[in-house]
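Common to both upcoming complexes is chain A, partnered first by chain B, then by chain C.
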Partner chain A sequence: MTFFRNILIRLLTTAVTLFGVAVIVFVVIRVVPGNPIAMMLPPGATEADIARLQAQYGFDKSIFQQFVIWLGGVLQGDFGTSISTRQPVAGLVLSRLPATLELSIVALVMAVIMGGTMALLGTRYRDTKTEGAVDVTAGMALSIPDFLWGLVLILLFGVLWPVFHISGRISPALNIDFTTNFYLFEALVRLRFDVLADLISHMFMPALALAIPLAAIIAQLLKQSLKETMHLDYVTLARTKGYGENHVITREALPNAILPTLTLVGVQFTFLIGGTVIIERLFSYEGLGNMAIDAVINRDLPLIQGIVILFALLFTLVNLVVDMLYVVLNPRLRHA
Partner chain B sequence: MSSYLTIKNLTVRLKNGAPILRAVSLDVAAGQVHGLVGESGAGKSMIGKAVLGTLPRALQVTSGEIWLDGVDLLSLPASERRRRIGATAALIPQDPLTALNPSKRIGPQITRRLVDILGWRKQDAEARALDLLGEVHIPDPARVMRSYPHELSGGMRQRILIASAFAAEPKLIIADEPTTALDVTVQKQILRLIGEMQARHNTALLFVTHDLGVVSKVCDTLSVLYAGKVVEEARMQRFFMRPIHPYSAALLAATPTYTNPDSSLTPVPQTVTDAVEREVREHDLRAGA
Partner chain C sequence: MRDARGDVKRPIGLRLWLSGGWLTLLVLSAVFAPLIAPKDPLMQDLFLGRMPPFWMEGSEPGYFLGTDSLGRDVLSRMLYGARLALIVALVAGTITCVIGATLGLIAGYYRGWPDRIISRFVDIWMAFPPVLFAILLIAVLGPGLMSIIIAIVVIDWTRFARVVRAEAMSQGAMDYVASAQVAGRTRFGTMLTEILPNVLPTIVALLTLEMGIAVIVEAILSFVNLSISTDSPTWGGMISEGRTSVHQAWWVLVFPLITLFLTVLSFSQLGEGLKDRFDPVLR
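And then the complex of A and B:
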């Protein structure tokens, strides 16, 4: 039962965190230069027009008053209306969230597969040229940031050898009548493999660009922990029982060596989600990040607030999931 | 009497050629307990590791034979050797706190290899594990099988490791300082238990220790090692009454006594160690020639 109590406590602290984020964002975007109203009006607008619009959007009130009004709406599920599109923020943001979630999760899966494979190879062939190759590859992958990998990939698979789509999330010509915006998930469930192939073709490069640096981190840390674990007594004991190297690495060492990596992946995954902002822009992928940049350019204050709150919520949820996984994987924490 | 373990002229070297074990020979028969004693660094643990195929990567066997239950292990291909060792030999490790996998329950840690390597049925393996846990005097074996290592005491874990070592009815058990990491009060019980289990299952036991007191309680024969060389091999009784090699005699004399607690500790005299070093060098010269 303590497990559930801990989760409850975490959810409460999440609420406090979100409130703090809301306050900071709300104040900062109103203090920095740039007037949303000025963006909306034609050059010849009169003082009266400006005052009228400001009153309409509530910008004539004090920041504190504006915050209270906004918070009152949020508590009822109303995040305000986007200034640039005149649509409710909640609907806009939620319609884009699936695209970003799918991109991030695909990137995470790619990173875990690539990084995990490298770590296992490096451990299996430790102290040989193969381990050296893993180290060099990981070092290189890590020293180049995700958006540069994006450009490299566009050059490789978009220009020199054009096999993947370089922009968008899905081909507009494709006939889809999906009920949700989780296209990838829904294509899988509905067995629409034509849509699936198109989505993957669009998603491959941005996801890979996000995945490469994370894969490198996983490769380095997991290999290090695995190599340390390989010296421990229970691994030696397993060898004397007749088990071979592959079994010893994957069954004896891995379940224990994976714990520090898991913690790090949790933290790094939130960075990866942050990275989607630039990467989505680079690949014109219609997700939250792309929308965030538009919102900032248009000084669309309600939309910026909505997006930032959603990102903050995602980050805290990722951390919660990682902590729960940690308890599941580590029996020593289960009764604590 | 048939020997379960026979080591002939086993030489182990560092990759750079420096010898760690120098032409070690020894013999352990069914039902016998053979002690391996020597100072830290004498190479006594390396003998056990060479037999079990767990030598550190920096070391390699350069010559000699290791016969385990009638098969020369070193003549077998690696995977075959590993399976052979798993089926006929077992290790009782030094530190019970680190020798059990912290993320697995006790049951599978005893039973899995019986199923995976030896092809037992799962139910048989579990019944066997329950029996053995009973034999090592663990109360409520069924509950212990479901426990994780961190839920059990050091003494309990060492009992589990002993039970696990006997699970596949091995011909040979290598106990590598099995009581060193334990509390003094627990040491005695564990020693008695190892002796009891060895006698019941009639295994050959190679007992690695630096503690002559322990050797005198459990062993039938022993080898004294210095710098990777066996300087004396003897039956227990003869050794304690009349050690032949001067190093053995000095080692015996260095054993602290309980009868006179005020006396200071007796070191092995420099003249003796110098003499053994000379002997070892001469051996190396002969081996090189």
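And then the complex of A and C:
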């Protein structure tokens, strides 16, 4: 039962972390000098108008009281009303979440494919020029953050050789009436491959920019643990049985070498999701991050709160899932 | 002793020289920007908007790397932009390092309740998307150099705290630390004289890495128009402008981007090189 006890403890610490995030955001954004309410009203508004609207949004109460009211609402699924759009925060945020999730997951898949290929190549041709090339490429890719890769990609595939769209999520002409906001998934299910191609053409560069640093980390770490595993007795045994090098690497060494990489990929995936904020801005991709920056510029306090909490929830969930995957995949922990 | 390790070290030397060379060049251009910049970085000339660099047709003599949409000299703005980038890198990097490493050292060596408190804060911080947190802080603090530095310190101290804590923990479990205790050193003294020197290579590598990150954060903040005033020359501001006019004037984006790219690469390579150089085990 230790497995379930561990998960329970993890859920409790997650709750504490989320509470801490909520407190910090709440306090930080309420120190903002500008009065968001005054900005909502036309210039001729009277003091009484401002006071009335402030009362409506609860800004006339103390920070502590505001927090208690907000928390009470959150526990019932009510994240307040956005100041700039006057719509419920929960609805706004959830309508943008699928865009960010699709971008992050596509980026993750790209990173795993690129990083995994590099690691396998580096292991297969270890101690040759190929391994050196893998090391240098990964080192370079890792030193440069996603924001700069995004700009480099814009120059390469948006200007020099313009094959991909550099802004937006979908071409307006192809915007079929989506029933969900998971455009990519829906286009696939509805077999609209023209729409799918357009979506991918928009998503390719932002996803690649996010994927490159993570691919480099995967390449380095997986290659290192693969090379360590290659010296173990059971691998030598497989070799003496007459299996070829490719079989030994992918079938024997890989399943054992993948575990340390997995834990790290979990943490790094949260960094990747965090990176979507600026990447979405750079590519005018209509996701959560782009909305967050607009919310900060408009001083839309309830919306900022909602988005930050959602990001924090996403991060902690990713970590939880990775921990559970680790138990499932690790043969030594499976029957404990 | 010359073994295989000696061969591995040679390219590291080259790496150190190249990155160090680029950063020295950058420091010199920043310091002497008023002397070497061909134009006033703020001077606008709407008749000379979007002039291409010198090797292209239609370029204007004196504007080597072309002009932006307001007719300001790209080269001069880049040279002045290096000043802000380096100030942010040095000041923000150092403060982040001192605060984060101190907390990490205390948490990793003393363990117990200081560790529990510091680790809890690290966990909470890790649940924030860093870029959004930085943008939020700048919105609260108002734009300006001080705000950028504060924002970088606030969002990135955990990078040092996490790594240094783990290192200090593994060092603290070693025999030499126990013998220092037996010899009558205080715990605080042991931390400073035994643990710190052994964690230092890691701290130095992280510090240079952090300087590169600080430059990027400044660029990102300028990009969303939250850095210094939009008028003063910053690499991020130039990139932001270049991004919008990339189809008409690619040079406004390309030159600052290359500079930023090389600078960030140099900082991280310098860190890796220095780490190997200072590592007591590898030395």
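Just so we're on the same page, the second predicted complex is superposed on the first by the 317 of 336 C-alpha atoms of A that agree within 3 Å, B and C clash if a C-alpha of one lies under 4 Å from a C-alpha of the other, contacts with A are read in each partner's own complex, and residues count from 1 in each chain.
The definition used in the following text is that a contact is a pair of C-beta atoms (placed from the backbone, for glycine too) under 8 Å apart; a residue touches a chain by one contact, two chains touch by 3 or more.
Since the structure is predicted, the reported quantities are computational estimates derived from the model, not experimental observations.
> Once both complexes are superposed via chain A, do chain B and chain C end up clashing or fitting?
fit
> For A:P172, decide between first (touching chain B), second (touching chain C), both and neither.
Touch status of A:P172: no partner.
> If we overlay the two complexes on their shared chain A, which of chain B and chain C does A:T236 touch? Say first, second, both or neither.
In the superposition, A:T236 contacts chain B only.
> Tell me which partner A:D127 touches in the superposition: chain B (first), chain C (second), both or neither.
A:D127: touches chain B, not chain C.
> Report for A:L329: first if it touches chain B alone, second if chain C alone, otherwise both or neither.
first
> Is A:L18 in contact with chain B, with chain C, with both, or with neither (first, second, both, neither)?
The second partner, chain C, only.
> By the touch definition at the top of the document, which applies to A:G77: first (chain B), second (chain C), both, or neither?
Neither partner.
> According to the contact criterion defined above, which of chain B and chain C contacts more residues of chain A?
In the superposed model, C touches more residues of chain A.
> Looking at the overlay, does A:S143 come into contact with chain B only (first), chain C only (second), both, or neither?
A:S143 contacts chain C only, not chain B.
> Return, as a multiple of 10 degrees, the angle whose vertex is the Cα centre of chain A and whose sides reach the Cα centres of chain B and chain C.
About 90 degrees between chain B and chain C, seen from chain A.
> Quick one: smallest Cα-Cα gap between chain B and chain C in the superposed arrangement, Å?
Superposition on chain A places chain B and chain C at a least C-alpha distance of 12 Å.
> Can you pull the chain A residues that chain B and chain C both touch?
Shared contact residues on chain A: none.
> For chain A, which residues count as touching chain C in their complex?
Against chain C, the touching part of chain A is residues 13, 16-18, 20-21, 24-25, 28-29, 31-33, 139-140, 142-145, 147-148, 151-152, 154-155, 158-159, 270, 273-275, 277-278, 281-282, 289, 292-293, 296-297, 299, 304, 307-308, 311-312, 315-316.
> Considering the complex alone, what residue numbers of chain A touch chain B?
That would be residues 127, 232-234, 236-244, 247, 252, 255-256, 329-332, 335 of chain A.
> Help me check something: in the complex, which residues belonging to chain C touch chain A?
Per the stated touch rule, the residues are 120-121, 123-124, 126-133, 135-137, 139-140, 142, 212-213, 216, 219-220, 223-224, 239, 243, 246-247, 250, 253-254, 257, 260-261, 264-265, 268-269, 272.
> Taking the complex as given, what residues does chain B use to touch chain A?
Residue positions touching the partner: 52-54, 57, 79, 82-83, 85-87, 89-91, 93-95, 98-104, 113, 116-117, 148, 150-151, 161.
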